[in-house]
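Below is a structure I'd like to ask you about.
Read from first to last, the chains carry the letters A, B, C and D; within each, the first residue is number 1.
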Amino acid sequence: MDKSRLEAFSDGVIAIIITIMVLELKVPHGDNFDALTSLIPVFLSYVLSFIYVGIYWNNHHHMLHTCHKITGSILWANLHLLFWLSLFPFATAWMGENHYASLPSAFYGFILLMAAIAYFILQHLIIVSQGTNSLLKKAVGRDLKGKLSLALYMIAIAISFWAQWISQGLFILVALIWLVPDRRIEKVLVDKENRTP
Amino acid sequence: MDKSRLEAFSDGVIAIIITIMVLELKVPHGDNFDALTSLIPVFLSYVLSFIYVGIYWNNHHHMLHTCHKITGSILWANLHLLFWLSLFPFATAWMGENHYASLPSAFYGFILLMAAIAYFILQHLIIVSQGTNSLLKKAVGRDLKGKLSLALYMIAIAISFWAQWISQGLFILVALIWLVPDRRIEKVLVDKENRTP
Amino acid sequence: MDKSRLEAFSDGVIAIIITIMVLELKVPHGDNFDALTSLIPVFLSYVLSFIYVGIYWNNHHHMLHTCHKITGSILWANLHLLFWLSLFPFATAWMGENHYASLPSAFYGFILLMAAIAYFILQHLIIVSQGTNSLLKKAVGRDLKGKLSLALYMIAIAISFWAQWISQGLFILVALIWLVPDRRIEKVLVDKENRTP
Amino acid sequence: MDKSRLEAFSDGVIAIIITIMVLELKVPHGDNFDALTSLIPVFLSYVLSFIYVGIYWNNHHHMLHTCHKITGSILWANLHLLFWLSLFPFATAWMGENHYASLPSAFYGFILLMAAIAYFILQHLIIVSQGTNSLLKKAVGRDLKGKLSLALYMIAIAISFWAQWISQGLFILVALIWLVPDRRIEKVLVDKENRTP
């Protein structure tokens, strides 16, 4: 299995996901400010999901960079991740159109959680395929960010039935945690290069 | 004709097909559990079709891996396959929205059957183009999986007018048959490599 | 300007055009045969346009194969072609939904004509950029197929106001003319290779 | 970070944006001239945005051509640009459907302005990453075109509440400014090559 075709296919799917989300921003019928302001909740949920998909694309790229052998299970774990990402437009629109009501917020958190678990599985399978000297293993380390994200998603889901704005805050917090440049993989790659001679 | 552009175009079309299927999962108007549960049939048909398109993408990749000469007929056989795959979103949504009623289930089976026949034709043309020592021919062998799938699709179509849930079971069965890793092509490639020196 | 990125972008746009056309095949509400048969006109127009877009993708690929220098005018002529191709889904759906009425049929012919003219311009600019020994010039020759297509489109547009079924016949005829393998470019490339030593 | 994957992803997103804009050209129900002419405003706004996205794709390509190191900030500045471009279909349709009313025209100008600012930021970050001998810095020079565009967008936004047709004229003017071949980057690249021996 050729890595470049897996990357190209994943890029294609992620590019489509990030773009069709905007189709849920339905063109309003009026031409006044009210028509525009009524779209703000859907717009904000679009911004949040755009950032999340951007983070996934970025991390997915770095992770595959360390991977040289695509096995059948890696391929299906990758499709599994794309499956949950493909539900982002739906979850985003449902949450936005219902003004961040409890259940849609919890559902949005659930999709984020499932995507994170799918990412975790894919990461695990790549590490296993790389054997004892796994470059990705070194890069990820104890994966505090990954585990923290899973925990925060679960808290956000539970809390959304009482205080859904805290859930939104947690969704933003996780995005910020990942937006802070993650130099782990780059660092390990550089380290390795320096040691090579 | 350049194989890489054929692959890139096919990847693009398949990536779009797998992603626009999710657009048929219409965002519900309510924000309660009923709104969500009413989507379960459409969601399940989406999962099934996502897996099918994933299988086609995977198999398509392996098949083209053995192919070095793209003739005009291979090109059009490939477009013919993409045509039937492009009808998956329609067939999936029609079946899901009608809660797996007889005719939509039969129609879904018909689209699966036509895609399988199109795949069969493409496979046949690549084998013919490779001549007597066809690598793909060796990999496919008697193509039991392919022939079994065709038979099961036909049974599923016929049976859907009496017991459409058996049809659904057959659709899932065929997907499982293909999900089990198919090492035929990989095996032949490795064998060949070992014999080469 | 890098040819591979122009090809990749064109492939992307054409892949999306060919796939979103199927979105005009709206999922019917009923689950009976009537619901399905009512879609036949839209389906047939989809088949015709799918073949046309496939022909364009194929010819576009062959044409760019001979082209090594992408100038600014070639780039914009290419975008101009993609513009008219992007109107295929609209024209296809309008014609199909109105059961091949006169004006939608004429409009469909008009979009085909404009795409053909855009293709002609792009071809001309590539030939000019290649200078006196243009490979594409040799391959295209007097371009009888191209000129015949333009004439047939114009006749089809005019005739659609009296006998729109003849227009449909002409649209199918032009597609068949192009579906017959066009070995002109391949032939010239092979000739050149043979002469090279 | 690999430049080719950043380019491929950007191309994918831009290809989808340019193509889904046409989905806002809703298929009319009638089959007469009135049905067609009623679409002219939406069609014209589509033409304008198609040209704008084409210009962005073209310039984006040239800019990345000079860039060899993709840092985390360049990656996110690129996603930021894609974000504003992704709002083109929405802004285009809203302006077209409301026959170029004041607020939708101002909003369209605002999206153009934000995309231009995002492009400016991306350009700045690439220049910074290239250090003192930045090739892009030489190519862009004082960036008169870029600064003029920003000024014209702002004037167009302000003026749209009194005379929205002047705003439209300004939008067309900026597009024309960029359509005139911009040989700055190509020139610098050629200059550099000539000096290299």
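Please note the rule applied: contacts are C-beta pairs under 8 Å (C-beta built on N, C-alpha and C of every residue); 3 or more make two chains touch, one makes a residue touch a chain.
These numbers come from a predicted model, not from an experiment.
**Student:** Minimal path length between chain B and chain D through chains that touch?
**Tutor:** 2
**Student:** Roughly how big is the turn, in degrees to the nearest 5, that lines up chain B with chain C by CA atoms?
**Tutor:** Chain B sits rotated relative to chain C by 90 degrees.
**Student:** Same or different for chain C and chain D, where same means more than half of the interface numbers show up on both copies?
**Tutor:** Both copies touch with mostly different residues.
**Student:** With chain centres defined as C-alpha means, what is the inter-centre distance between chain A and chain B in Å?
**Tutor:** Result: the chain centres lie 27 Å from each other.
**Student:** Counting in whole Å, what is the centre-to-centre distance of chain A and chain C, each centre being its mean C-alpha position?
**Tutor:** Here the centre of chain C sits 38 Å away from the centre of chain A.
**Student:** Among all residues of chain C, which ones touch two or more of the remaining chains?
**Tutor:** Within chain C, the residues that touch at least two other chains are 8, 12, 16, 20, 23.
**Student:** What's the complete list of touching chain pairs for this entry?
**Tutor:** A-B, A-D, B-C, C-D
**Student:** Mind pulling up the chain D residues that touch chain C in the complex?
**Tutor:** Going by the criterion above, the answer is residues 7-8, 11-12, 14-16, 18-20, 22-23, 25, 27-29, 31-33, 36, 47, 50, 54, 57-58, 61-62, 65, 179, 181.
**Student:** Considering only the defined contacts, which chain A positions touch chain B in the complex?
**Tutor:** 1-2, 5, 8-9, 12-13, 16-17, 20, 23-24, 72, 75-76, 79, 82-83, 86-87, 89-90, 93-94, 97-98, 101-104, 107
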